[in-house]
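As written, the chain order gives the labels A, B and C, with residue 1 at the start of each chain.
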Amino acid sequence: MADSDERVLEVKGLVTNFYTYEGTVLALDGVDLFLRRGDTMGVVGETGCGKSVTARSILRLVEPPGRIEEGEILFRQIDPESGEIETVDLLKLSAEEILKTRGGKIAIVFQDPATYPNPVFRIGDQIAEVVLLHQDLSSDVIEMKIEELQDKLTQDVPAEKRSQIEEKIDYYSLMLQEPPPPDDKDAKKAALRRATQMLEMVRMPAPATIATQYPHELSGGMRQRALIAMALACNPAILICDEATTALDVTVQAQVLNLLNQLKKEIGTSIMIITHDMGVVAETCNWVNVMYAGTTVESCATEELFATPLHPYTAGLLTAVPKLHETKDRLPQILGTVPNLITPPTGCRFHPRCEYATSICKTEKPKLEELRPGHWVACFNPLE
Amino acid sequence: MKLRDFILRRVLLAIPVVFGVLTITWFLAYVIGNPVALYINENTPAAAIPAIYEAHGFNEPLHIQYFLYISNLLQGDWGISASTSFRPVLEVIAQKFPATIELSIIAMIFAILAGIPLGIISATKKDQMVDHVTRLFSLAGVSMPIFWFALMLKYVLFYQLTIMGLPHLPPGERYSLINFRSFEYTTGFILVDSLLFAGDLRLFIDGVLHLIMPAFCLGYLTLAIITRMMRSSMLEVLKEDYITLARSKGLTERIVVYRHALRNAMIPTVTVIGLAFGALITGAVLTETIFNWPGLGRWAVRAIFFSDLAAINGFTLLVALVFVSANLIVDLVYGTLDPRIRFG
Amino acid sequence: METTIDNAENAPQDSSQFNFLYISLLFAAIIGIVFGIAITGANIGVAILNIVDAPEFISEWGLQGLISLVLGYITYRMAKAVKNKEMWAFSSSLYINIIAIVVYLTMGWPGIALAALSILSVMLLFLLSGVNQYWYPNFQEDMKPRIKETRYSIFLLRKSPLVVGGIIVLVAFVALAFLAPVFAPYGPEQRIWADSNLPPGSASTDPELPVHYWGTDDSGGDIFSRIFYGAQIDLRISVMVVLVAVTVGTAIGAVAGYYGGKIDELVMRVTDVFFAFPGLVLAMAIVMALGERSMDNISVALMITWWPSYARLVRGQVLTEREKLYVEAARSVGASDGRILLFHVIPNTIQPIIVQATMDTGSVLLVAAGLAFIGFGPPAGIAEWGLMIAIGQNYFTIAPWAVFFPGMAILVVALSFNLVGDGIRDIMDPKLRRR
């Protein structure tokens, strides 16, 4: 089971439906995917293929009329004391337990930096809020107090007071080994201090000022960094980026992606990147899941996917990406349109658009199978 | 500094509005109405009439009369109220204003304290039984003929209870005139005067009892308006992306609603509260009439029956001024709620 | 659009059938215009110049006269378009004729005679096979998405029982108001002094006369009958005030929003002033200034106080609407400003106006009744709800029903208007719709 142990997140047969007036939208129809510890995994697919719904389903953030119907979302976290791996099914957690997971162990960064931060709260407060909720700040409080005292020492103080302060510092340093629970006011201050540190970590200039500003005072790229800081504030085991760079300029996008990769090394978070941009995947991910109309169609390492795609849809997707060294009058495209998910095609959902489709594709749903070592495909007629 | 500039600018913006109000009241009183009637009746000797015309400037051309009217108003001469034993309008207003304002403020406080939670509950429990009941309750408030509601309340809470020999609410007035015969107003606010100046707790309680029915009656409409606004803006806000973000942080639904959504949803609600203050004074006209409340509303209605134009105009003008200042206050509150609005 | 061309080719070359329809529509148009001019002219004469000694029905039909003038003109335009076989004219003339029929039918026997031509036009639209084949398949095709939307609206409507209740109550009240002379046991101003202050359900002292379902007032008037006669007055005032306020406010607001600049600034300052007055207080002052205390003056006062809120609403809508691409498109093909406003911008802003107007009809009713209650309305004796409460209040302790029932009538009708307005918003608002 060593193989599954390193999968920090594993989604199996996830089904999410939306019950609307027009009918039931079968948005996710058995999504399978996994995220290995320390990996950056990409989920790609066209608009409306269920990428975002998958992300929200993982955190159980699907709102009515949507409902998660079936499946397992296994989250394997390492117990910090025993070092043992403990597996929970997020879909079976109680309402309170899932609240502890959200933001604390699994965090998410959303698409649009313009609408996601709350406009009436300061950036620092918004980050501090999540820290206060999930983090034990007792040692932070003591550290903060020591820092304050040390600050005093740098100033001009009479010798006798100096020794008093030094004594106090020693006392607090001793307390650090077993810090007492802090009171609310101190905890808030410490959380704000942590928020400023987080802003610094996401390479914000003048983090202390930014912390006191409101979202509308920041640019889109800065706001997105603030959102990332918010997500990373509790050192989550998993960070989900739901089109986190789509709304940004290309240059800012590159900065944010670089930042994510650096932070991954610093904090040791596993990252799941949801995007429709193959370029983003190629640049940042080492594993890719391709989704089509609410199903996973292919899953493998990034290089392998770009070199030898096995699913016809993936192949089509890749030829539709413009390449610098080729000149073509027209980009090839996948014929047909994304299916209506209220009455999706029978069998393989891709068959009406697939040039390799055979009769079995129309009647039976292909399963995701490991056709080559480390390369899963859901297709009856994979490309060879 | 910026705040002062902001207030100054708002006051400057209010000037044309007040000026327009003045013009309309003048137009109503002096062009369509007949201002001369105030000074002349059947008993006036015919010989005295030209002198009266002369004294009040009725011989002047209209535009001069207009300036005369405005300058008189600015100098504090709001005319003479024929229906209030010919006392100056401004003096009567000064005397009766506290009664109306006290009632309005209590009604407003009641409306805000009850309306905002009701709106929130209605929005968070959308399409459930609580929501349906709250919506019906608030729609009934908007559709309630306030004078009828006041009469019915009085019938049940005073008349029927009295017949049954149960403790009942007083039917009108600000305090029971029989029990506190020697009481004299200082500030004009009964709740303040009774505690600070008369030092009489019984009078205070009596004042509170007298306030309950009129304030509830008057506040119901405002309560309904606030509840409806709160509900719809809360529903709108709850669909916003930042609410999803707040949920993704692992906050409980309670904190999501009361911390993240409430402050945003309050922004449009505050505007409505400002506008509702105008409606409150309108309602005071009817409520005061029924509860014998010695305030401006009842005075204005009486003035109407005596065709006392100066009093009606004075009242109209005052209400407009109150309304304009209420909106100024709302704008200030608005600025503290929404950081995107900068003063200046 | 493609089907249009197909059908035009398949259509019979024989145009005599189209001429029939053309002539019928033309006559309907001429009658509408002549009739509208006559009534409106007579009304202007009565109102301003006082030169014509017109019979009473003329002023009663003032509104219908104006509407038929407008309908007549539109019908004329349509008749011409029908002659040229323009596709839009057929379905539009169906709608217009139906509206005309409804309007005419509110005018008693002469109206029925007038409606005959419109009925004929509608029949011709369907019965002449050539004409029918020409436009109807197209019309059906066009209607499909609309029918689908309507079905969805009805589905949404059925989910909110409160709104359905409101509609039922309103329809019932309007019907009962119209039918009051038929079913009400007593006349509106009929007094049986011996019957004064009888509780609900008691028999009249005169055994010949029917039961007083809701009791009697101090002067022996039958409350049940008076309430439904009163509905005629109160409903008519509310609807009239709102109609006039909507028309005037929409026109002013649309112009202000569309042209902007100084006109806009002026209109906004004027509305600011009106907003600074609470409605009831200003209305009081206006009725005072107008002199006579009557329901008519109350309605004039309310029209004056109510239009600014529509001007504001429409202006705001037009401001956002005029920046949209379809206005740009209309302008680029050379449509005039008036045409863009009337046919493109205003139809797209109509939804919030309808909602506001529906709710305001309830509010106007409240304020009008309130004004009548304080004593601005008609003299005692007239069956009007506010006045009935005002008079009943004097005998409140012995005959509370004389206050209770008229107040309930006001509450129920105003509540229904608000419920329906609320419902229309929930159903029509695209933001709330697909959820």
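Simple rule for what comes next: a residue touches a chain if its C-beta (ideal position, glycine included) is under 8 Å from a C-beta of that chain, and two chains touch if they have at least 3 such contacts.
Quick caveat: nothing in here was measured; it's all calculated off a predicted structure.
Colleague: If you count the contact pairs for each chain pair, which pair has the most?
Modeller: So the chains sharing the most C-beta contacts are B-C.
Colleague: Measuring centre to centre, with centres taken as mean CA positions, what chain is farthest from chain C?
Modeller: A
Colleague: How far is the middle of chain B from the middle of chain C, if each middle is the mean of its Cα atoms, in Å?
Modeller: Averaging C-alpha atoms per chain gives centres 32 Å apart.
Colleague: When the centre of a chain is set as the mean of its C-alpha atoms, what distance in Å lies between chain A and chain B?
Modeller: 53
Colleague: Just the number, please: Cα centre separation of chain A and chain C in whole Å.
Modeller: Roughly 56 Å, centre to centre.
Colleague: Two or more other chains touching the same residue: where does that happen in chain A?
Modeller: In chain A, no residue touches two or more other chains.
Colleague: Send over the residues of chain B in touch with two or more other chains.
Modeller: none
Colleague: Name, in rising order, each residue of chain B that touches chain A in their complex.
Modeller: 240-242, 244-252, 260, 263-264, 337-340
Colleague: Which part of chain C faces chain B closely enough to touch in the complex?
Modeller: Where chain C meets chain B, its residues are 162, 269-270, 272-273, 275-282, 284-286, 288-291, 359, 362-363, 366, 369-370, 373-376, 386, 389, 393, 396-397, 400, 403-404, 406-407, 410-411, 414-415, 417-419, 422.
Colleague: Give every residue of chain A touching chain B within the complex, in rising order.
Modeller: Within the complex, chain A contacts chain B at residues 59, 61, 99-104, 107-108, 110, 112, 115-121, 129-130, 133-134, 214, 216, 227, 230.
Colleague: State the interface residues of chain B toward chain C in the complex, per the touch definition above.
Modeller: Touch list, chain B to chain C: 16-18, 20-21, 23-25, 28-29, 32-33, 132, 135-136, 139-140, 142-149, 151-152, 155, 159, 275, 278-279, 281-282, 285-286, 289, 300-301, 304-305, 307, 309, 312-313, 315-316, 319-320, 323-324.
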